[in-house]
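Down below are the structures I want you to see.
The two complexes that follow have chain A in common; it is paired with chain B in the first and with chain C in the second.
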Partner chain A sequence: MTVLILTCEQDVTADMVVAQLHRRGVPLVRFDPADLPGEGALSAEYVRGEFRGYLSTGGRVVSMDGLRSIWVRRPGEPAAHAAEPSEWLTAESGQALYGVLECTGARWMNERDAAAKARLKPWQLRLAHHSGFPVPATVVTTYPRVARQFAEQYRHVVVKAVSGKPPGEPPMALPTTLVPPDTDFSDVAAGPTLLQRYIAKRADIRLTAVGDRLFAARKPAEPGQVDGRYGDTGHTWEPVEVQPRVERSVALYRKLAGLAYGAFDFAEDSEGTWWFLECNQGGQFGFIELETGQPIADAVAEWLGAPGECA
Partner chain B sequence: MTVLILTCEQDVTADMVVAQLHRRGVPLVRFDPADLPGEGALSAEYVRGEFRGYLSTGGRVVSMDGLRSIWVRRPGEPAAHAAEPSEWLTAESGQALYGVLECTGARWMNERDAAAKARLKPWQLRLAHHSGFPVPATVVTTYPRVARQFAEQYRHVVVKAVSGKPPGEPPMALPTTLVPPDTDFSDVAAGPTLLQRYIAKRADIRLTAVGDRLFAARKPAEPGQVDGRYGDTGHTWEPVEVQPRVERSVALYRKLAGLAYGAFDFAEDSEGTWWFLECNQGGQFGFIELETGQPIADAVAEWLGAPGECA
Partner chain C sequence: MKPFAWNYARPAELAPVIDQYSYDSTLQLNVLPDGRPAVSDRTLLAAVGTTTSTAGSATHFDD
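Right, the complex of A and B next:
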């Protein structure tokens, strides 16, 4: 039984997991949807309700009914490397590839429909609340007046991108930014804006959930520092223990969202409470593993290589 | 409690349902995501785990917690009508709108994640089989050799678009086409191709499922006619009874796919068997209602206007 990794060619994080799968003796195939059609090929025949067929890339062939699990890492856009790329060919190739893969009995990290919904930030906040996490007050609005009132009410607020990261290659980096109370909010009318009460934090927390294995890391914050993902603070990520209450909330969030994998960001306040900021269903873990030594890539390999059903 | 209809300005099918909602005295708002930001506006504030807020368009305002149901008809691309449209603004506006709408308790026709998966044609065939429908043998392939063998084995095969319809405005019409056995299949390598055994049919069947209300229509086919959706055959759509076995399969398919609405296409063979061809989760029904007089728009209005939980 083989693990299928859907990712582009340059992917150091995938390399880390591939090394662990090799170490564990689990067969795998890397496939970039951008290579279909072309370097990648696909054939599936429908016989009495089941698709039987294979994927092939770089001379390697994997049987559809021999797929153990599918890791959706950083797949390229289908048909992007085709001789004559077009929107139509991308749609056809994507539907064929994912339509056939959905017919296999393989376990997904993550299920594609769950992943799409889990990217919706307003929905994340609601889910986080229902999972028992404390969540800072938040507004999403196109009304300058509403934005101004929110900023006046909470005094310290941050503005964030709603959709996570801008499209485009390379993507623009958009750190979370503190908004002064006397800001001119008239531009809010030009696009939905997400404002959130600023949590005065003493540390950033990144918790990586791989199935039911949790890896939490903590990085102390300088007073007034807003977004720990950018800039050098002189601190490094260190492993930190997960409280049972947080553990239960993470399990519930994963269950409600239908996610096998999630990278949670929290702000730790002066009382030690972890405030939910977001859960990125496709979040990176390489930088955490490198700094903390936590065996996250191996946990991913273990999940992908497991024989039975789980999530 | 209000019905929210997400659709573009020119939508005759939506007009039919709007008329029925008016007749039933059910309040509704039409909203085109293309108008956000601009003519359309949105504001939602997160308070203790719930988003409370409103959508506004053309001077009308609808409260988020007053939404009864959401009909995803033909929504425009978010921010398409913005003063300065961009991919980034489209992503931000779509995430804000759908992220907030997913936080409401409203019933969806159809749920967005279910709809996305239900568009995958290979997956449809598998689901149809598991729901008890007879399904013609099918292959999806980028291998000319496999396509040729399939055509030789079944002799009468048709080729179809995998992704349903090509992108672009207006969309290209791509009828299902009969493939002569001596076809040169070398172009199959240029893009995944779906071939299906041709069902010698005496009629086309269109079955529209609105919740658990089914409307089946039948149009006799000329000998050798392949795609009843295109061209004038001199026949019209007439209502036809649904056999209990088909009724059970439709119910199971809807349940497995998580769909409130689906437009099923069948080919009726000389024995009267209905072969599953596809289920379009967003399929048109206006032309069927006009020819048969079946009250489909009213059934949609009834589903959208219903007070309780159902699917």
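Right, the complex of A and C next:
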């Protein structure tokens, strides 16, 4: 039985898992949907209630029946590398590929429907609350008046993107940023804006959940530092113990969200409380493993390589 | 008028040009010029930053 990894060639984080799968002797096929059609090919036939067929790339062929798990890591847009790419060809290729893969009994990391829902920040916060995490007060609004009142109520608020970094050129980043006093909120009317009560943190926490296995890492924050992803503070990530209460909340969140993998971000306040900020269903883990030595890639390989019923 | 959050956008760090390793379709991972897997050089991986939480590809943003 084979592991299918959907990702691009440049993804060295996937390499870390590929190396572990090799070490474990687990067959794998690395396939970039961007290569379909072209370097990548598929064929599947509907026979008596089942689609049966195969995928091929780089001289490898894998039967749909022979897939034990599918890791959706950093797949390119279907047909992006086609000789004549188009939106229609992307839609056709994506529907064909994922439609057929959804017919297999393979376990997914993560299920595509669950992954899509898990990207919705407002839903994440609600789920986090129901899972027992402390969640900072948050508003999403297009009303400048509401945004102003929220800022006045909590005094220190941050703004963050609702969906993530904006596409397009030149590439731009939207770090979580403290909103200065006396800010003019009239631009809130131009697009949904997410404001959140600022948590004065003494450390960032990244907790990577791979199935039931948890890897938590902590990096001290500088006073006033808001977005731990930006700015070199000289601190490094260190392994940190997960309290049983947090462990239970992570398990419940994963269950409710239907996620096999999730990268949780927390802000640790002065009393040691971990405030839920977000859970990235496809969050990077390579940088954590490199700094802490935590065997996250091997845990992913173990999950992907395990025999078992479909999730 | 532009969305409020856009007032806080800033130019993203350009993705590093990687010429220290290249993809090997036989091994299905990236290799160094001497043939070793790139992941065996952890110092290099940390230096190029391609495994960090700001290193999402153009199609992925939730790192």
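Here are a few things to note about the model shown:
FYI, the second predicted complex is superposed on the first by the 304 of 311 C-alpha atoms of A that agree within 3 Å, B and C clash if a C-alpha of one lies under 4 Å from a C-alpha of the other, contacts with A are read in each partner's own complex, and residues count from 1 in each chain.
Just so we're on the same page, a residue touches a chain if its C-beta (ideal position, glycine included) is under 8 Å from a C-beta of that chain, and two chains touch if they have at least 3 such contacts.
All values derive from a computational prediction rather than experimental measurement.
By the touch criterion stated above, A:D187 is placed in contact with chain C alone, chain B being left untouched. In the superposed model, A:V61 lies in contact with neither chain B nor chain C. Of the two partner chains, neither chain B nor chain C is touched by A:A200. Contact with both chain B and chain C is seen for A:S163 once the two complexes are overlaid on the shared chain.
In the superposition on chain A, no contact is made by A:M1 with either chain B or chain C.
When both complexes are overlaid on chain A, the residue A:P37 reaches chain B alone and has no touch with chain C.
In the superposed pair of complexes, A:G282 makes contact with chain C only, with no contact to chain B.
By the touch criterion defined above, A:G76 lies against chain C but remains apart from chain B after alignment on the C-alpha atoms of chain A. Common to the chain B and chain C interfaces on chain A are residues 119, 161-164, 166-167, 189-192, 194. Across the complex, chain C is touched by residues 8-16, 18-19, 22, 28-30, 58-59, 74-77, 119, 147, 159-167, 170-175, 177, 185-194, 206, 229-230, 263, 280-287, 289-291 of chain A. Note for the complex: chain B touches chain A at residues 36-37, 41-51, 53, 79, 82-84, 87-89, 91-100, 102-103, 112-114, 116-117, 119-126, 129-130, 135, 137-143, 146, 150, 161-164, 166-168, 189-192, 194. If you check the complex, the residues on chain C that touch chain A are 1-15, 18, 21, 23, 25-30, 37-39, 42, 45-46, 49-63.
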